[in-house]
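In the two assemblies presented below, chain A is common to both, partnered first by chain B and then by chain C.
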Partner chain A sequence: MRFIIYFLYKLLQVVIVIFLASIVSFFIFRLLPGDPTLSMLDPRLDPEARNEILRSFGLDKPLYEQFILYLRNLLRGDLGYSFSFVGYRVVDIIFGPRLVNTLILMSSGLALSAVIGTLMGLFIGWRAGSLLDRILTGSIYMFFSAPVFWTALIIQFYLGYQYKLIPISGTSSYIGAEVDLITYALDYARHMIGPLLTLSIFFVPSYFIYIRNVVADIRSEDFVSTLKALGLSEWRILRNHIFRHVAIHTITITTNQSPLLVSGAVFTETVFGWNGIGRLLYESILKTDYPVLQGIFLLTITVVVIANLLADVAYYFIDPRIKRGLR
Partner chain B sequence: MCGEEMLSSRFFASIILLIAIVIGSILVVPNTQVNIAKAEQWPTPGTRLSFEMLSLSWFSLSDKAAEVVAEQLRKVGIEVKIVKLESSAMYPRIMNTFDYDSFALAVSQSPDPTGMLNAFHSINAIPGGSNYWGYNNSEVDKLIDQILSSNNIDEAKRLAWRVQEILATGPFIPLYISQNTQVIRAEWKNYTLMPGGILEAYNRWSILYMYKSDKPEENVFRIAFSADILTLNPFMATDLRSIWILGLIYEPLVALSPDLKIVPWLAENWTVSPDGLVYTFYLKKGVKFHDGSELTADDVVFTYEFGIKNKAPRFLGTVSQLVDKIEKVDNYTVRFVLKKPSVFFLTSLATSFQFIVPKKIWENQNITWSNPNPVGSGPFKFSSRTPGESIVLVKNEDYHIPGTPKITKVIMRVIPEAETRYYSIKNGDVDTERYATSFTLIKDAMKDPNLKVVITPDIWLVYIAFNYRRYNDTRIFEAINYAINRTEIIEKAAGGYGIPVYTVLNEIWHKDFANTNIKYTYDPEKAKKILEEAGWSIGPDGIRVYTGKPPSTTPPQISATTTTPQTTPIPTKTTVETTIPSTPASPTTTPQAGVALETIYIAVAVIIIIAVLVVYIFMRKKR
Partner chain C sequence: MKKIIPEAIFHEISLRVGLLIIVAVLVFSLAGVLVTPWNPLESRGDILQPPSSNHLLGTDDLGRDILALLSRGVLTSLFIGLVAAATTTLIGLLIGLVAALYGGVLDAIIMRIVDFLLATPSLVLAMILVAILKPSIWNIVLVLAVTSWPGVSRVVRAHILQILSSGYIDAAKSLGAGLKHIAIKHVVPASLPIILANMVTSVRGAILLEAGLSFLGLGDPSTISLGTILFYARRTAALASGAWWTFVPAGLLITVIVYSLTMISLGVERLLSRERVYRY
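Coming up: the complex of A and B.
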C-alpha cells in the first residue's frame, strides 16, 4: 500500500513535469529568431506566396491563439504538421526510421563506450602513477577535447575515402534495390562503424577518467590490502571486489547520458549522413521548424522523466532510507 | 524529506518560473513592429561616409565579396563595416523592418526579367515586397508599367534599356554572376550545357539524353542532395530541390531550349492573337500519364484553374495576375485569355514550373501539402521515398519522346555535409551532387581522372545594395560603381569562376534585354572625383566627411546617365524644409530607438526570470 502511494505520488510528478514541459516547449522555440517560411522559399517565387504559406501553417494568427490551438491538439496526441517536411505529421517524422536509427546507434555507442571505458579505467586505475597511466591519462584528454565534428571528418576521410574500409555516409548502400534481411543488416552494421567509432572516441574518456580515479582511491583502502595479503590474484580482486564499487558509477554516468538515446548525436549524425533524430534536430533549428522541435523536446523530456521514475522505483526497493523517509 | 512540502514549494516555484517564461516570450516574440527609417536630411555637415553592410555568413559567394568590396571602398574613403548574420536574423531586417544601411546577397536569375524589374517598382517597397532597397522613382515606375503591359517586344526592349540606364546609378549594385562548377563522374556523357548548369530545373534535356553505358541496366543515376526536398506536391513546391525532382515526374506546357528560347513541350505549338490577349495552345497527342490515362485539354484547364483558385504558390504572380480565363476548345486545344497583353507570358509559362497534373486524381482533393504518390507524365515514375534519406524514381517506359530517357533509375540521396558529398562522388558512391561543388574543392576535382568539372554560368547574381530610404544620393552609388574592381572580387570570392555584371539585367539570362552600353571600368580616381564634387572630402582618419552644401543646392549631376529626378525622393513630411539642424542628426536614430525598446523587453524578461530563481533558491534554503 505504501508503495502504491509512493508510486502514484511520483507518477503525479511525472505528469506535472511533462505538462509544464509541453507548455515551455511551445515558447522556447518561438524565442529563436527567424521565420519558418524564409528557409523554404525559392527566391524566384512571388512574395504573395509567402503569406499564403504563413496562413496555411496558422502563423498569421496571434501567438496566444496559436498556443491554444497547440494545447488543444496536444491533448488529442496531435503534434501537428512539420514545416520542413511538408505534408508529413510530426509523429510520423519522429517515430519513424529516424528514432530507430538513433536508438540503435546511440545504445550501441553508449554500451560500447561503457564497457571499454570501465575496463580501461579498472586496469589503468589499478596501476595509477605508472608510466602507462601517465601516458594514457594525459593523451585521453586530447581525445576528449577534440571537436566531434573534426574527429568524424578525420575518420571519414581516412577510413572511408583513403582506405575504403567503411562506407562514407548514409545507412544503406541498397537504396532502390531489393535485398534480403541479412545482407541489409550486415550493410547497415558496416555503415554504423564510422559513427560508432566517433561516438566511442568521445564517450570512452568520460568513463575512463571517472573510473580510473575511483579505482585509484579504492586501491589504497584497507580491504584491498587485506585481499592482497590473502594472496588473491589481481584479476580476482578487480573482478570480485573492486568492480562492484565501480559498476554503480558506470550506471550513474550512463543514466546521465540517457537523453542522448533519443536526442541523438548532432555532429556525428550530420557528418556521416546518419538519418537520425540528432540530424533532424539540427536541420529543424536551421529551418525554424517549430512543430518538429516541440516534438523532439517533448520526447526527450518524457524519456528523462520516465527514466527517473524507474530509477525512483528501483531505489525504493534497493535503498531502505527511502522507505523510512516516507514514514 | 516530506512529500507535501516538496510538492508545494517546488510546484509553486515552477509555476512562477513558467509564468515568467511565458510573459518573457510574449514580450520578446511578437516583434513585428515595422521600423522604416527615412532619408530625411542626409547628409548633414560632419556626417562620415560610413555604412554598415549585412552579409549572409554561410553564403560565401556574397560574404567574401562583401569583404573585398569593403577593402576596395576603403581606398576611396568610404568606410564599410561588415556585420555577418545568419539568414533568420538577416532576412527580416532587409525584407520587413528595413533596418539596415546596406547588404551583400545574391538573387537567382531566370530568363523572365519581370522579377528583376518589379524589384525597383515603388509599389513593391513594402514589408514582404521584393523592393528591399526601397527604390522610389516615378519615371522608373512608369517605364516598368509600360514594359510589363507592352505588346511589342522591341518596344519592351527599348524601354528596358532605358530603365537600366537610370538604375545604373541606383542603390542596387550588381557585382557578378557566379559560375556553376558541377563535378560529375567522368563516365557520364551526353549532358546538355545550359545557363544554370547541367542539372538545373530549367534544363529538361540532360536527364533525358544522359547515359554512361550501352547496357540499360547500368544507367543508374545517383545524385546527392544537401537536404531533403520540401514536398512532392507540384502546386506547393517552393524550393529548387523539390522542383528538380518534380520536373522529372511532371511536365510543363512549354520549356526552355539550351539557349533559353521558348520551345514546345506538352504544347506542340501555339498561336497568339494580334492584340496579344489570346494564346491558343495545341497539345501533343498520345501523351500518357503514369497511370495509363491520356493527357488532354481537360487536364491542362483543370491544373491552371485549380492552381489559381487555391492560390497555390507556384501559380501566384505573373500567371494569376495576367490570366483572365482558360478554355478548352477541343480535346487537344486550350485557349488562355489574358487581361492585358504581356511579352513575357510565354517566358513566364516556361519558367514558373507549372506542371500539368491528371484531373482524375486531383479533382476531388482539397489542396494540401502532401502528395504521397505523384502521378505525372514525365520521363520518370515515382518509386519510393524515405523522408530525410532518399527518393527513388524509375524510367517511364511509355514516355512520349521515343528513345528517352536513357537513364533507367534515378536515386536521390541526402548527404548533408559538403566534404562528404564530394568524397562520395570521388569514391563512386554517387555520380554528382545537386548544386555546384565549392571552388575550394574544384582544384582537386580537376586533377582526378575519374571526375569531370562542367562549368556553366550559374543562376546567382551577387550584388550589394544600399537602403535608398536612408541614402538617396545617386552620385555615391555611381562613385561606388567606379571604385569596385569586379575582377578582383570574382577572383577572391569565387576563385575566378564568375562573370562581371554592371546592370540590373544581364546578357546571360535576359539576352537582348540587357543594356550592353553600360559598363563601369575600375577607376578609383574617377570615384574620388565624383565624391569630392558631391561634397565629401577626406577626413582625419581617411574616411570622407560631408562638408558640402545641402543636396538641393548642389550643381546638377555629372553623369550623363543620371538624369533621374534625384531631388524628388521619398515623400517626406513638410518639416523637412526647416533647415539643417545644428546638432548632427544621425539617420539611424529611428531604428536605434527600436533596438533599445527590444533590449528593454529582453532585460525585463531576464530580470523576472532571475528574480524567480532567487525566490526559488531562497525557499529551498528556508527548508
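Coming up: the complex of A and C.
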C-alpha cells in the first residue's frame, strides 16, 4: 500500500513533466522564426498550390485550434506525417527498426559500462592512494574529457579504415538480402563493436570516478574496521557489505547519465552510420523535418523521466531508509 | 548528485595543473597565429600534405594549413565557451536569486520549469534551436545559455537559501534592511565563490556543446572552431586517405582544454569545501 502511494506520487510528477514537454514541443516549432514549409515546398511554387498543401497539414487554422487538434491527436498516439519521408506517419518512423537498433546499442553500451566502471571503481577505491589508483584515476579524467564524437572518429579511423578490424559504418551488411538469423546476428554484432567501444570509453569514467570515491569513503568507516576485526576476508567484505552500498550509486549514476545517453546516441550513431534514433534526429535537423523532431523530442523526455521513475522504484527496494522515511 | 571529488591525490595541485595546461594551450595558439600570419581559410598549395617543415601540422583537403586553422580554432572555442558561460551564469544567477528571495508560488513555478529543462537533454534542445535560428556565433552563445541556465539556477537557489537562513541575514533584517539591500550587499557577495566554481563547469559544458554542434555542421560556417575542423575532416576524404593530422590534433586540443577545466573546477571545489568549514 505504501509503495502504491509512493509510486502514484512519482507517476504524477512524470505525467506533469510529459504534459509540459508536449506543450513546449508544440510551441517551440511554431513561435520561433523560420518557415518550416520552405524546406519542404519549392519556393517557386504557385501560392494556390502552396496554400492547398498548408491546408492539408492543418497549418492554415489559428494557433489555438492547431494546439487543441495537436493535443487530441497526441492522446490518440498520432504525431502527424513526416515532412521528409513523404507519406509516412511519424509514429511509424520512430517506433520501428530505428528504435530497436538504438535500444540494443544504448542498453548494451550502458550495461557494459556500468559493470566495468562499477567493478573498476570498487577495486581501485578499495586500494585508494596506491600507485595503481594514482595512475588510473589520473588518466581516467583524460577519457572523461574526450568528446564522444572524437573518440568515435579515432576508433573508426584506426580500427575501421587503417587496420580493417571492424566495419566502417552501418548496422548490417545484408540490407535487402536473405540470410539466416545467425549470420545476420553475428554481422550485426560485428557492426556494434565500434559504437560499443566508443560508448564504453564515454560512460565508464563517470561510473569509475564516482564509485571509487564512494568506496574510498566507506573504507574508513567503523563498520568496515569491525568486519575486518571479526576476521572476514577482504573479498567477503567487498561482496557482502560494500557492494550493497555501491549498487545504489550505480543506479544513481545510470539515471544521471540519461541526458548523456542522448548525446552518446546522436554522435556515435552519426559517426558510425548506425541506423537509429540519434542519427534520425540529426538527419531530421538537416531536413528540418519538424514533425519527426517533435516526436523525438517527446520520446527523449519521456525516456528520461521514465528512467528516473524506474530508478525511484529501484531505490525503494534497495534502500530500506526510503521505506521508513517517506515524505 | 554527490560531487565528484577525488581526495588526497589532487588537492589544489589539480588547480595548478589545470591552469598550467590552459596557459600552455593559449601559448600554443598564439604562437600558431604568429607562425601562420595569413588568412587561415586560404589554400596554401598542396592538399592533404602530412606534417613537414613547410606545414608543421600538414594541410587539409582544400590545402589549408592545419596549424593556422587550429590556432584560430582554439581561440574561437575558448571565446565562445567563456561568453556562453558568462551569459549562462548571469541568467542562472538572476533566476535563482529571484526564486530564493521571493519564494512561494513564484519559486515553485520557476523550480518546476527548471526540473523540466533539466530533464530535457540539452543537446536535443540545442540542435533544434540552432537549426531553427540562423547559425551565427551569437545564436550559438544564446542557445548554449538558454539550454544550460537551469543547472546554475538550481545550485544558486540552494546556496542562497542556505545563506538566508544564517544569523547575519536575520541581523540585517532586524536592522530594517530591505530585500534589495540584502540581495546586493549580502547574498550575492557571499555566493560569489560558488558562482565562480560553477562557471568553470559551465565553460567546460559550453565548449563541449559548441564543439558538438560544429562537428555536426550546425555551427557558424564563417568561423573556425575546433569542432568545425573535425566537421571538415569527417565530411571529406580525410579518414579514407589516412590523413590523421586533420582530426587527431583538433580533438586532442578539445580534450586537453576540457581536461584542464575539469581539473580547475575540481581544485576550486576542493578549496571551497575546505574554506566553508571556517566560513559558516
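Definition applied: the second predicted complex is superposed on the first by the 234 of 327 C-alpha atoms of A that agree within 3 Å, B and C clash if a C-alpha of one lies under 4 Å from a C-alpha of the other, contacts with A are read in each partner's own complex, and residues count from 1 in each chain.
Please note the rule applied: contacts are C-beta pairs under 8 Å (C-beta built on N, C-alpha and C of every residue); 3 or more make two chains touch, one makes a residue touch a chain.
This structure is a prediction, so every number in the text was calculated from the model and none was measured.
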First, second, both or neither for A:F144, with chain B first and chain C second: second
First (chain B), second (chain C), both or neither touched by A:F202: neither
Contacts of A:W126 with chain B and chain C, given as first, second, both or neither: neither
A:N275 touches, of chain B and chain C: first, second, both or neither? first
First, second, both or neither for A:Q156, with chain B first and chain C second: both
Which superposed partner A:R98 touches (first chain B, second chain C, both, neither): first
First (chain B), second (chain C), both or neither touched by A:T171: first
Partner chain(s) touched by A:S263 [first = chain B, second = chain C, both, neither]: second
Touching partner for A:V304 - first (chain B), second (chain C), both, neither: second
Contacts on chain A seen with chain B and repeated with chain C across the two complexes: 16, 20, 24, 28, 32-34, 153, 156-157, 161, 270-271, 288
Contacting residues of chain B [partner chain A, same complex]: 1, 3, 7, 11, 14, 18, 21-22, 25-26, 28-30, 86-89, 91-92, 95, 107-108, 110, 115, 124, 128-130, 220, 227-228, 230-233, 236, 238-240, 243, 311-314, 316-318, 351, 368-372, 383-384, 386-390, 392, 409, 411, 413-417, 419-420, 423-424, 426-427, 429
Complex interface listing, chain A residues touching chain B: 9, 13, 16, 20, 23-24, 27-28, 30-35, 38-53, 56, 62-64, 81, 84-88, 93, 96-98, 153, 156-157, 160-161, 164, 167-171, 173, 175-176, 270-273, 275, 279-280, 283, 288, 325-326
Parts of chain A lying in touch with chain C, wherever the complex brings them together: 16-17, 20-21, 24, 28-29, 32-34, 128-129, 133-134, 137-138, 141-142, 144-147, 149-150, 153-154, 156-157, 161-162, 209-210, 212-214, 216, 252, 256, 258-259, 261-263, 266-267, 270-271, 281-282, 285-286, 288, 293, 296-297, 300-301, 304-305, 308
In the complex with chain A, residue positions of chain C that touch it: 1-2, 4-9, 112, 115-116, 119-125, 127-129, 131-133, 208, 211-212, 215-218, 230, 233-234, 239-240, 242, 244, 247-248, 250-251, 254-256, 258-259, 262-263
